[in-house]
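Here it is, the structure in full.
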Amino acid sequence: MQNYDELRECVIAGKKAQVAELVRKHLDEGKTAKDVMDNGLIPGMAIVGKKFQEGEFFIPEMLMAARSLNAGLEVLRPLLEASDVKPVAKVLMGTVKGDIHDIGKNLVAVMLRGGGFEVIDAGVDVPPDKFVELARENGADLIGLSALLTTTMPSMKDTIDAFQSQGYRENVKIMIGGAPITQEYADEIGADGFARNASYAVELAKKLLGVAA
Amino acid sequence: MQNYDELRECVIAGKKAQVAELVRKHLDEGKTAKDVMDNGLIPGMAIVGKKFQEGEFFIPEMLMAARSLNAGLEVLRPLLEASDVKPVAKVLMGTVKGDIHDIGKNLVAVMLRGGGFEVIDAGVDVPPDKFVELARENGADLIGLSALLTTTMPSMKDTIDAFQSQGYRENVKIMIGGAPITQEYADEIGADGFARNASYAVELAKKLLGVAA
Amino acid sequence: MTNFSKMAYQSADDLMFGRAKVPVTCGYGLEVGTGMVLPEVNFTLPTMKVEHEQLPAILRQYDDMVSSILQRLVTLGMPGAMIEFEHAPQMTEELEIGTAITAKIRTLMQSFYEKHGLRTALRVTVCDIREKSRPPQMRSGEATEKMFEAFRLSAANGAHLLSIESTGGKEVSDRALMEADVQGLLLALGILAPRDSRFLWQKIVAIANEHKIIPAGDTACAFANTAMILADQRYIPNVLAAVVRAMSAVRTLVGNEVGAVGPTKDCGYEGPVIKAITGCPVSLEGKSAACAHFSHMGNIAMATCDLWSNESVQNVKLLSGHAPEVFTEILTYDCRLMNEALQAGQERALQNLFVSSDAYKSVHALVISPQASFEIAEAILSHQSDFDRTRAAGLQACQIIRDASATGKLPLPDRESAWLDQIEEVLQENADEGKVLEDGSAQFGELFLPKEYGL
Amino acid sequence: MTNFSKMAYQSADDLMFGRAKVPVTCGYGLEVGTGMVLPEVNFTLPTMKVEHEQLPAILRQYDDMVSSILQRLVTLGMPGAMIEFEHAPQMTEELEIGTAITAKIRTLMQSFYEKHGLRTALRVTVCDIREKSRPPQMRSGEATEKMFEAFRLSAANGAHLLSIESTGGKEVSDRALMEADVQGLLLALGILAPRDSRFLWQKIVAIANEHKIIPAGDTACAFANTAMILADQRYIPNVLAAVVRAMSAVRTLVGNEVGAVGPTKDCGYEGPVIKAITGCPVSLEGKSAACAHFSHMGNIAMATCDLWSNESVQNVKLLSGHAPEVFTEILTYDCRLMNEALQAGQERALQNLFVSSDAYKSVHALVISPQASFEIAEAILSHQSDFDRTRAAGLQACQIIRDASATGKLPLPDRESAWLDQIEEVLQENADEGKVLEDGSAQFGELFLPKEYGL
């Protein structure tokens, strides 16, 4: 495992080109794709996540690392698809109807991607039915609803109700967040969880889906 | 009617002894008790109420006037009881369980008495069942509940529920008030009205009981 | 027992925010009155029941509130703060609830001290539940015992300071206020209240000493703030409330005489008088306590404060965060301004602005200015007995109002002016404590139990 | 069109709260910038839907909020205030809702003016709903038409001033911020945003002129406050947010060039820069807007304000009253203090305290000081094109931060310091507008439509 040190450092530093090159080198040396991923790329990204949690990394640094991770995965993908790799959980994120704020939602998407989730972005001002439709189409496991206004919070309830009335509520977990949201409100409208900030959203997503942290 | 001018002035000025004396004088002159009351005492007190509403009178001035009114009524009482005088509406006032603030409640009681109501004071920290018991015993038409703490507001709901579960809810109107109370809260717990301050309580009481203002 | 007979300060000019003659050090290294004004943050539950079944939910609320408050202080670099936990009545009655909350808050404070060096102290204000029965049993009975037990348990479970908003005499004062009965107010504030303060604070001081914590102080809230709020709603004359404010200082001072050392309680606007006499630090509140009550002394209250408080705010969500955190930020910036002035040697200029921006806009503000407070304090010390002191304080307030009105600086409507004459007259006439007690007993006899005041 | 080429003020020392070179008179006799600071009160609905069926309930909310705000101003004797009605998106979209609220508020203001002489003016801030579609249609399409119709209807139904928090370039800025892509920020703030401001404000000014009302001003909220909040949550470097603050002033200035006359919008902390260049009055917010967002410039924001705002607060109940009334009281006391200083000739001393209490505690505070704002304004005027000005403002901010850090007054962590170097380097390298547009189009091309910016 010692020989993955450089690869991990390059992931952490966000050196995209070098990561791809090192991955190729390791494969050439006879390592399996799974080994490179599990002991090189993933642990590197885990350190990035930890550094972010501890306030040592900013989002741009995390994004650079995530891109370098992807560059590495890109190389591995053809090899991995042949083997038995589990698909990651899918999250559908959107800002609810009437609300056009999206930076909060985008941040959560960034954090979730950094945490290994696949994120489908439904955009802003998304009507309740559209959420259900996109969830079905994409087979989303988790729905993330964002609202920044007291006057659009009720759309969160409408969206959850739509999942209920269209018989798809059991298929998904739903988490909500945004400046005016509280745990009490989440309980009141029947959401499965409340993310008080973007960093916590990842923890919550893992908790709701029973994914190891 | 002109000859009641002095009596009315004495009621307004809160001159207790003079009011009693003038009432006696009018009776001696052959006026009926009803006439002295309807055209002398009551109009005098009505002006007091108006002056208070308009910020020209303070509570102590209103209390003095109310006492002088009572001194006059005292003289008339034996004569009135023989005739057919309607009983005034009865209000049961109390601070709810857990709460020991009473000046707000007392103020409302003062204002209601000034407005011609009979007020029964249940005191502070009054349990729900006690309210129902006292309402039955006294034949109260209206219940006034007071709370000054966010942590005792729930006792208002408990009290209204007690009236309901003991089958006495239909017999009374219930109004609530106090610093943390809102119209929304009144609606939520099924109160008939919310008095945003002591002066408004009288108006509300009249409205709820269908008494002319 | 200290019998204060000399002013702690030479002149009103010496009264300054952030500096007290006799500072208090408490809690996790918190110094009050040594040259810096610090926030005193207070907070309460949103609409919910206080009962055993709710205890986990209640503790979660306090956890959230206190964590966010302490975190905000750290974020803004405020070096310290007083945290006040004020009991709702049920927290004093159901002893384990008050105790559990105290312990929870204390734990959070400790962890912030260890992790961030944040200096804090925990003031626990027990609820004066004795006023529950009518007439109230102030020295005997179950409520009294429970209240003292609550002090003991608070001291044993994390309180760094003990306080109370005591209510001795309130049963008479409430009625006397509504009737504008100045003789009744003399009975309440000059006889009953000081007797109760002495009884009560001797016990609190003993409990504090036993646990080596601070017996902090009281507030005349039940009398003077009640009066101010009634006046604000135009129920009673403003001048009456202002005179009551001055008179109420004596009953609070009694607490200090028997051992309270400050900081006084935030809602006690008689604080500057107590500071002038005793030199103890004072907590005050004004504009940044508008969440709890509106007032006419938003700025002037800052003039002499050592702690600056928001009085109380429920844990409701605003757009930025929960209200307790919001008011922590507001208080912090107020304190920064005062502390910057102290550092730059500009405190006098700032204090002058605090005073002059409010003093002549309302009689409530006028009587709490450093100058007025100093004069009221002097009037108090010119007499010996509590009764004489209370009466002298009231007369001095009348004089202060009259003078300000005479110069034309304070606009005083005729109606108020007539009431001022009347109030002053009754105060003048009632120099005899015995007669006030006698007349008062006849007038208010059904409201209070003499033996519960040692009478 | 005014092409501002000369500073309105000689030096930073001339920038003072309550006084603007080019004051604005508006509404019911409200003067802004003529020697007095007045509150600007803003408020919003509690959790509820904005839809036609709810209109009576919505109007009741606004009635309650505005009545209690105006009554509080009268009670405290504040002579006047700006009332801001800021649209939620649905109020701009459903035109009759926004219009009905505007008319309701205006009626209340008129009655308080007639009854109490309370001088107020109504600022209506329409919501920039153009950003709804992705990529946004900034000049064409239904949302754009509706937005301009909302301005027209607001003007016709009671608005005294028109404002907006415009979003041209936000689609690029949002992404560039998260990636700390300074070249992208130059594209957003130096090319797209000013182009949009010019287009947008020409139209708003025409509408205002037609209705003989005031085209007030804009705010860089969507860029600089977004950045500040991201930095506050430790998502991006503080220095990046501070540099963005400076760069964003140019896009706001463009509004003034084409006819906006102030007061600028409360949440625009670039206001002091605009004031330094144009002399127009500015609205600002700080500690007493903690209900809406936490900040590092609670006091320093007061240094140059002409209106002092609470930004926004929902209509929730606190212990004293509803939150909008509570914050009206807090703002009023802040204003009293500043006005007392102006009257007493003590405004410089107070301003110094506002500045020094915050300036070196955070880089966000540092860059909005009167001195920094003046220097950024000078840097802007030393160039001609919007792009060059934006870049110069950013470089000047870097210099200001570097200098403050070098003297040791501003503590700057190594991590932040490294980022500052990087940001400055990219700003230095990107002097060519054409190249920034070209590179930016490659990088962010899918996010914006060039033709919607006239490109």
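Per-chain residue numbering starts at 1, and chain names A, B, C and D are given in the order in which the chains are listed.
In this text, contacts are C-beta pairs under 8 Å (C-beta built on N, C-alpha and C of every residue); 3 or more make two chains touch, one makes a residue touch a chain.
The structure presented is a predicted model; accordingly, all values stated were derived computationally and were not measured.
Among the remaining chains, the Cα-based centre furthest from that of chain C is the centre of A. In terms of their C-alpha centroids, the spacing between chain C and chain D amounts to 40 Å.
In this assembly, the C-alpha centroid of chain B lies 52 Å from the C-alpha centroid of chain D. Chain A and chain D, compared by their mean Cα positions, are separated by 33 Å.
Mean C-alpha position of chain A lies 63 Å from that of chain B. Touching two or more other chains at once are residues 44, 314, 317, 319-320 of chain D. For chain B, residues touching at least two other chains, in rising order: 150, 180. The touch graph of these protein chains has some other shape, matching none of line, ring, star or complete. In this structure, the chains touch in the following pairs: A-C, A-D, B-C, B-D, C-D. On chain B, the positions that touch chain C within their shared complex are 55-56, 58-60, 63, 98-100, 102-103, 106-107, 110, 123-125, 149-155, 180, 185, 197-198. Those residues of chain C whose C-beta lies close enough to touch chain A in the complex are 317, 319-320. Interface residues of chain A facing chain C in the complex, by the touch rule stated above, are 150, 179-180, 182. On chain D, the positions that touch chain A within their shared complex are 44-50, 88-90, 129, 131-132, 134, 174-175, 177-181, 226, 230, 233-237, 314, 415.
Interface residues of chain C, counted against chain D in their complex, comprise 44, 72, 75-77, 286-288, 290-294, 296, 298-299, 312-314, 316-321, 323, 325-327, 329-330, 332-334, 336-337, 339-341, 344, 346, 349-350, 352-354, 356-358, 361.
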